[in-house]
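Here the chain labels run A, B, C and D in written order, and each chain numbers its own residues starting at 1.
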Amino acid sequence: MAEKLEPIVTAAELEAFAETEFPQIHQDGRVFSIHDLAPGQIVMRLDTTDRHLRPGGTVSGPALFTFADISAYFVIMAHVGLKALSVTTSVHLNFMRKAKPGPLFCTCRLLKCGQRLAVVDALITDHEDNIIAQGSLTYSVPPR
Amino acid sequence: MAEKLEPIVTAAELEAFAETEFPQIHQDGRVFSIHDLAPGQIVMRLDTTDRHLRPGGTVSGPALFTFADISAYFVIMAHVGLKALSVTTSVHLNFMRKAKPGPLFCTCRLLKCGQRLAVVDALITDHEDNIIAQGSLTYSVPPR
Amino acid sequence: MAEKLEPIVTAAELEAFAETEFPQIHQDGRVFSIHDLAPGQIVMRLDTTDRHLRPGGTVSGPALFTFADISAYFVIMAHVGLKALSVTTSVHLNFMRKAKPGPLFCTCRLLKCGQRLAVVDALITDHEDNIIAQGSLTYSVPPR
Amino acid sequence: MAEKLEPIVTAAELEAFAETEFPQIHQDGRVFSIHDLAPGQIVMRLDTTDRHLRPGGTVSGPALFTFADISAYFVIMAHVGLKALSVTTSVHLNFMRKAKPGPLFCTCRLLKCGQRLAVVDALITDHEDNIIAQGSLTYSVPPR
């Protein structure tokens, strides 16, 4: 990508912010954590619990959606700052394989981070690198 | 739509099935209910609780996603039977307006109900008929 | 839909505008025409030619995409005016049935027509009312 | 990706096949070519002509759609064989930046290549590596 992107917020600052301003993400326990933050990209980790499972013991679609949404939200905040409250305007997700309980990873790349819109590519994999879900999310970003 | 679709399962049978086979949908209380079932279409109701809210008091994206997914799953089961376990293969949702706490309605229409794939259009509105979200969901349907 | 929408441009004005400002839509002959314009909605007609066909004689995906894009663009122009040049920001289309040569109809409804974004639902049917494709398109609308 | 994918068709075989069985892709001149074919991935090149442009001299959405669709179709054929005619079942594309006339590149990765469905990630860039469009396409693949 020709556009240069640099995080302006650290992983520790993101986690502290979530703690105080966005406690809902921990409503089912501390299941989400930042695995890696890099220019234009974040990798988040989800440790699934019984709440995230469907009949048959696979991770539910809504759990994967929530994971992608939180990860995309974090990568945007990391690059535009903690004060700019983005709003999800659209989500598209393909579900490719069933995920068993265990750690999942969501890699979110900022494809565009414009004055109005941010577009994020999301890829969810399991700990053996199988692709579980993939898609893109769009956010309306307030003027900075 | 030229294709004729008729439900082969009643609303009461759907709710009884969910009760015994799919108790996860009630894990946050009895918030989902069938409002209307008709040929090729279902209208579901969601009574939101604090769990469904984001900072600022609006209904969260994951809550809307879960609502659309359950509604689409129900309209497919109503037309292909309770034994055919569909699997979500893709979801696309546009979020149009913030939803305040209160009853929401999801109207799901079966656009296609084929041998392999079912495609459902979903429209989420509030009690004043404002459009909150809209999109489509695709399911892999097992051979019948 | 609670939001009231009224066209501010007539069908004849739209067609005259396309003629002078957007001649590309006629580059393969006069295949697109306005069938009906109503509050919040347009119905466009496509008379397919050999250019629109794939091996096997069915209408191609790109032809259906172009049809949806032009129809959505027209319904937005009808409601925001001819001077506001919208830009397509995303398209999602499900292809449900193969379309044979012959007239096709695209019904586009404005789901949202905001200060920044317009969201349009598109449904393509054949002359027997079979659903061929369905989806949604999003446009960035300039400040008015 | 844990799943191992290997092409079973060469780039030369793909191009010869398109020549005889799919001449429509050359209906506007020889604008599409294979730039690179690798395990699970293809890079295609589009040399735009005036036909691909919109008012203002930028590459049109339908031209980008066609490019993504052909590229995805080619990567699937390369991995499942020339006899298996896939059918596009859905397309989602985000348009990120306007593309000027000149060579464009579409990188398509096979995210899933199952018994029924193939899912392809598509990224369109210009010759300076700017991201123009990104999305995913789904195809119904016949039994092999």
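Note that contacts are C-beta pairs under 8 Å (C-beta built on N, C-alpha and C of every residue); 3 or more make two chains touch, one makes a residue touch a chain.
These numbers were taken from a predicted model, which means no experiment stands behind them.
Undergrad: In contact with chain A and with chain B at once: which chains are those? Just list them.
TA: C, D
Undergrad: Going by the touch criterion at the top, tell me which pair is linked by more C-beta contacts: C-D or B-D.
TA: Comparing C-D with B-D, the pair joined by more C-beta contacts is C-D.
Undergrad: On a C-alpha centroid basis, what's the spacing between chain A and chain D, in Å?
TA: A distance of 28 Å separates the two centres.
Undergrad: Indicate the whole-number Å distance between the mean C-alpha point of chain B and the mean C-alpha point of chain D.
TA: Whole-Å distance between the two chain centres: 33.
Undergrad: For chain C and chain D, let me know how many angstrom lie between their CA-based centres, rounded off.
TA: 24
Undergrad: Touching at least two other chains at once: which residues of chain D meet that condition?
TA: 89-90, 92, 94, 138
Undergrad: Could you pull out which chain D residues touch chain C in their complex?
TA: Touch list, chain D to chain C: 21-22, 24, 27, 51, 53-55, 60-62, 65-66, 69, 87-95, 98.
Undergrad: Could you please specify the touching residues of chain A with respect to chain C in the complex?
TA: Going through chain A, the ones touching chain C are 89-90, 92, 116-117, 138, 140.
Undergrad: Of all residues in chain D, which touch chain A in the complex?
TA: 1-3, 92, 94, 96-97, 111-112, 119, 121, 128-131, 134-136, 138
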